[in-house]
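For clarity, chains are labelled A, B and C in written order, and residue numbers in each chain start from 1.
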Amino acid sequence: MKVLPGAIDCDIHPTIPETAALLPYLSEYWRDQFIIRHIDRYPFTLASYPPNSPLSCRPDWRPETGLPGSDFDGLRRQALDAFGVKYSICNVLHGSIALFNEDMGAALCAAVNDWTIDNLLDKDSRLRGSILLPTQNPDLAVKEIERLASDHRFVQVTMLAMGDALAGGRRYWPIYKAAEKHQLTVGIHAGSTFRHAPTYSGWPSYHVEDYIANGPAFENVLVSLIAEGVFQEFPGLKVVCAESGVTWLPTLLWRTNKEWRGVRAEVPWIERAPADIIRDHVRFTIQPFDLPAGDAVKLQRILEHIGSDSVLLYASDYPHWHFDGEESLPDGLPDRLMQKLLNDNALETYPRLSQQGNIPAKRLNGENLQ
Amino acid sequence: MARHVVAAAAEIPPGAKKLVTVKGREIGVFNVGGEYFALANRCPHAGGPMCEGRIAGLVRSSGPGNYELSRKGEFLRCPWHGWEFDIRTGQSWCDPNDMKIRQFRLAVEDGEALVKGPYVAETFQVAVEEKYIVIDL
Amino acid sequence: MNAPVLDKSIQQRLAIVDCDIHPTHKSPASLAPYLSERWREHAKTFGAHVRQGLTGQLTHPRMMAAGQRVDAYPSNGGPPGSDLDLMRRQHLDPNGVQTGMLVALARGGMEEQNQEFAAELSRAVNRWQIDEWVSPEPRLKAGVVVPQEDPQTCAAEIERCAPNSAFRQVIVSPRTSEPLGRRRYWPIYEAAERAQLPIGLHPAAASGGYPSTGSGWPTYYMQEHYSFETGMQSIVASLVFEGVFERFPKLRICMIECGFTWVPAMSWRMDKQWERMRKEVPHVKRPPSEYIREHFWFATQPIEEPENPHHLSEVIDWIGWDRLVFSSDYPHWDFDDPRYTFKINLTERQRSMVFRENAQALYRL
């Protein structure tokens, strides 16, 4: 099924072509460090997406040279023009978030976000941004949010599903407070900084297992958000699970509902069924859907099991390889869902998409940081 | 419907419970702050022996990290999955409309009134000076 | 949530196979008769060495009565599951358990880090199962407990126990020091396949050395309990993608105490990624969902409860009615009573398969 023009694509992955491109956005100190230590000579690709792996880039989207997603003209043609999107939300998944040095991580994240403004948001009015957060240090992450919140083109903040700690943990609450205040959606994206083994039995042998582990990881992320009471504490918060898979969701709803009734006394701030809380606060991009191709009947049943028309968000996940040609929608999507999936749900989930604001004056090259 | 004398009121002081059988049905009689209630000994969730569960209070919260225990002695927790039920109404705390323990009509009667009949008292000698728990079934 | 459907025909024609019953030790001294003097001393002086911060209780304390059914505490002392008479009166007899598969979790070999002690404990628990459970109660079948981090010793213990038909499976906790598909565990599969014993995977309470989620440790028991399900999903992936079933085509796996409605979604996810990443795992010759359908069975407890019970039936259609085996998890708190487990009406055929025939086929009963 082809997506209709005017859709909002909630997950694309432009990539910074090389670390050296970030040097102009770093302060003098960090620029110096990067050059002396040769940090600028190596990429910051997340281990979750080996650049040459089939999943990381569809063959006809792979640039002749450089990293997947690094060719801006290609991205425009292939991700924006080809699908006729109204907006595409950029998730620049940069490895600054995997560094242990919190200051370096935060400085580099800020450079990534500034690069995003100059090279993406300023270059095509269809593009919207996600503030990459140095979650290694939540206070520095909040600083980054406050620094950029006035630019309405940032509609989201980005964290990975598997980082230092489960997303619901209180250490992250300053981030959620800031996000809620600025109506920024919290985008939790598939991937890991591998601080922990991806499974409770340790380290799998294969990349394919690591990728598959994202599904169960998101289940645990959602149970964490529910159990810790994040949505009681921050009732205005919206969370998007990006590239999480979709078909595991009914099990999560059913199991947490049942669990809650028995363990309620442990987490008494949960005042209504977890499935209802999730339907109100959490959204899921549809790439990958995790359903056999062409199975319209199963799709209908899964939608029924999920029990809400409002939780799914259209996404291509460009340039990751989930579909061929322009067949970015699962077969058998009911007509009644199209408008919501392609447009309305995104507008409701990302309030800042509808905001018109001043675009702040350009920053000096990193000089006002650190 | 017959009136069944199941216990002397004095046997079940406040906070206590007693499991009785009426016409083959197991029923728990509870005294909550001086008032008596009769509930089926079967959890509406998955059949657990409700009346063997713990009598507890209700935990409420104004937000994460806050725990307030109140209404002590008013709730029954199923001994299996721990679901919480209001003893007075039989209603599940989480699903008051959809999940309810079967209740039975109960009265506390003076022995003096009871001896006038009719009643069923399979295991009781009714004494006029005592009070008794009577269940309609 | 809907009122339970009392499956009267279960009550009337009681003859079920229960694939998850937990026998426990009456006291720490219960295993002493089965241990040599050296290990009796060791147990007394040093005790267990498991991967968690407390010795006396769990770092995610359970909810009800230490995770047990409140009504399963024997009147003469001892923890739930330690009294055979109570187990008979409370569960085996009234619930028509024709065959009960024992999963001995307490103080066996699955969590103990001292390898020699683990081997000794496993042998002791296996003898204890026979002496104190199976011999007096022929309805019960034992599962071979093994020191799972020492696969050669596991193979030896499997070989020792296999001739005794009281043992119908090998019990392994999925909380291992490497994902279970990895080669170092293959001697266990070789021995189990040769002995025609399925592997029963049941999570232990203590970790194998890793947080229970890929994002770190959970705060609340609500989350820790949930991780039993997510952890098992990755084990399915590991067993399939490491090619265990290519190497051991007759191996059978029973996933116990992780529910089952996640199975179709995980199968579809694995199929999709296998298509995409086939060059990384060329030894996986067929779509993962085929291996899952042929080699995995799923115990029903804790059964998921959709808001619309009919949805459960659909999901089981996708998994296959022949893949489910009923389990109660007696005497734990989240016990499923066979009379009330399914909130939908099963057909005669479905009931027969789930409550008896599938398990009989799996375990060759």
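In this text, a contact is a pair of C-beta atoms (placed from the backbone, for glycine too) under 8 Å apart; a residue touches a chain by one contact, two chains touch by 3 or more.
This is a predicted model, so every value here is computed, not measured.
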Interface with the most contact pairs, given as the two chains involved = A-C
Taking all protein C-alpha atoms shown, work out their mean, then name the chain whose own C-alpha mean is nearest to it.
-> C
Whole-Å gap separating subunit A and subunit B, where each centre is the average of the chain's CA atoms = 52
Cα-centroid distance, subunit A relative to subunit C, in whole angstrom = 36
Touching two or more other chains - residues of subunit A | 228, 260-263, 265
Can you tell me which residues of subunit C touch two or more of the remaining chains?
-> 1, 63-64, 333-334
Shared interface positions of subunit B, touching two or more other chains = 45, 81-82, 95
Listed in rising order, the residues of subunit A that touch subunit B in the complex are 170, 228-229, 232-233, 260-265, 268-269, 273
In the complex of these two chains, what residues of subunit B are touching subunit C?
-> 44-49, 52-54, 77, 79-82, 95, 98-99
Enumerate the contact residues on subunit A facing subunit C in the complex.
-> 53-55, 161-169, 192, 195-209, 211-213, 215-217, 219-221, 223-224, 226-228, 245, 247-248, 250-251, 253-263, 265-267, 275, 288, 290-292, 298, 301, 304-305, 307, 321
Interface residues, subunit C side, partner subunit B - complex | 1-4, 6, 63-65, 69-71, 333-337, 339-341
Residues of subunit B defined as touching subunit A within the complex | 45, 59-64, 66-67, 81-84, 92-95
